[in-house]
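Per-chain residue numbering starts at 1, and chain names A, B, C and D are given in the order in which the chains are listed.
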């Protein structure tokens, strides 16, 4: 069964658009990042700045990201974004983001992130840690 | 009597913060810009991408901007922004933005913008145009 | 034989780093974009703002992008970026970007772009156009 | 006599321009920030990421910034930026930035920054500290 899905809506700002009048591609990766923070807040009930502390991690560093640009997003467009973990693995996971404008899919994004903690053997270092089962369970539909 | 004041609320995103953990200064000017678009939408009832067309202008180019950084804004902080035209002149105006976090003033911003239209003598050029009285009236309290 | 490869060097700026002290992921897509413009300038001898006009296109819109983040990039790091077209197809092409810091690969990026022109049947529309053979030839080693 | 002046040159990137085809205003504050880091590197001989450690400070936080936009900066424009401390005070200083395009002044910027150290009474807090005379002397012409 599919994992919990987070929806948000936002309006494309002037500052996010390029001389072609379209959202510049790097801005979508900001949208994806924020979608992931909000997804985790919604699933785990922890505000973004408290996430690392609450779960004993240093963060969710990104190791891979990608996007497919299907239709343009323009200044003033109202964007519906859904964000969902598509797969949890031992210590990493994938998030899928879908951006829809006027009911049509405009952009698909994908992030691979790591559940990263301090290395017990050397606290100056960071290493991937196993994602606790109770975390994964919070993303499962009841 | 004071002009119409627009309020919005937003949360500081990870991507907007610098290695000191604080919102990087340029991001505040994005917040100010968006505040001005939303103020005009609220006062004039015209969506941002339709503003220029609706009033026969090319836009509201910025000629001067400034900010005073009073207290830090951090990842996850909930920011209350108010935006208000502090003065209308013949063909330019000032917008004041105040950003408050947990009830305390964090940043004050100021923009000077021009009501800019195509030059009738040379449509390739842009020139300041008089702000119509009915526009200014829309910012006045009833 | 491999296509022409463009090299550039830059220093990571404070404004490009996040609270973890690392370049925020969206900034890499700005680096990739600029690498592609500079690659085309180097191969074709045309300044970026003149590219579209010189070749009768509207631009090189991005339809797909991705990155693999292998090692962190930090404030002040000197980054060596290479950009190279890995494949030309009929009307689209792939650009590969490699970012190296202190001799080690830090980030690999990939862009798929379209050679886009006005649709002769409807100049308000944009469509993929065949990439001229002489353009492709300019990317081939002598 | 005027303080040391740092010059740099850069090209306006596509990602920095808005739908009007002009550099979006917040980007100028990124240019100013980088100009200040490079000015300090040139005057003090210390790389930006080493600055705080070399002088026992936590950084140079910005408390006030402003810009006057005189002429537009467009995609591909080559910008000459000069950055100079216009005044050193006890524990703060002003930096002036001038951006020139094709020999004409396009933007004037101004930053007020603080020489900020940990509070000896409470290391969790930051406070303005006196700028050492030998630092100021490094900005004076020989």
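Observations on the structure shown:
As a working rule, a residue touches a chain if its C-beta (ideal position, glycine included) is under 8 Å from a C-beta of that chain, and two chains touch if they have at least 3 such contacts.
Because the structure is predicted, anything quoted here is derived from the model rather than measured.
Just to note, of A-D and C-D, the chains joined by more C-beta pairs in contact are C-D.
Farthest from chain D in terms of Cα centroid separation is A. Separating the CA-averaged centres of chain A and chain D is a span of 34 Å. Look at where the CA atoms of chain A average out and do the same for chain C: the two points lie 25 Å apart. We define each chain's centre as the mean of its Cα atoms; on that basis chain C and chain D are separated by 29 Å. Within chain C, the positions touching two or more other chains are listed as 14-15, 20, 24, 26, 30, 33, 75.
Across the complex, chain D is touched by residues 11, 13-15, 30, 33-34, 37, 47-50, 74-76 of chain C.
For chain C in complex with chain A, the touching residues are 20, 22, 24-30, 33, 58-59, 61-70.
Residue ranges on chain A touching chain D, taken from their complex, read 14-15, 17-21, 24, 26, 75.
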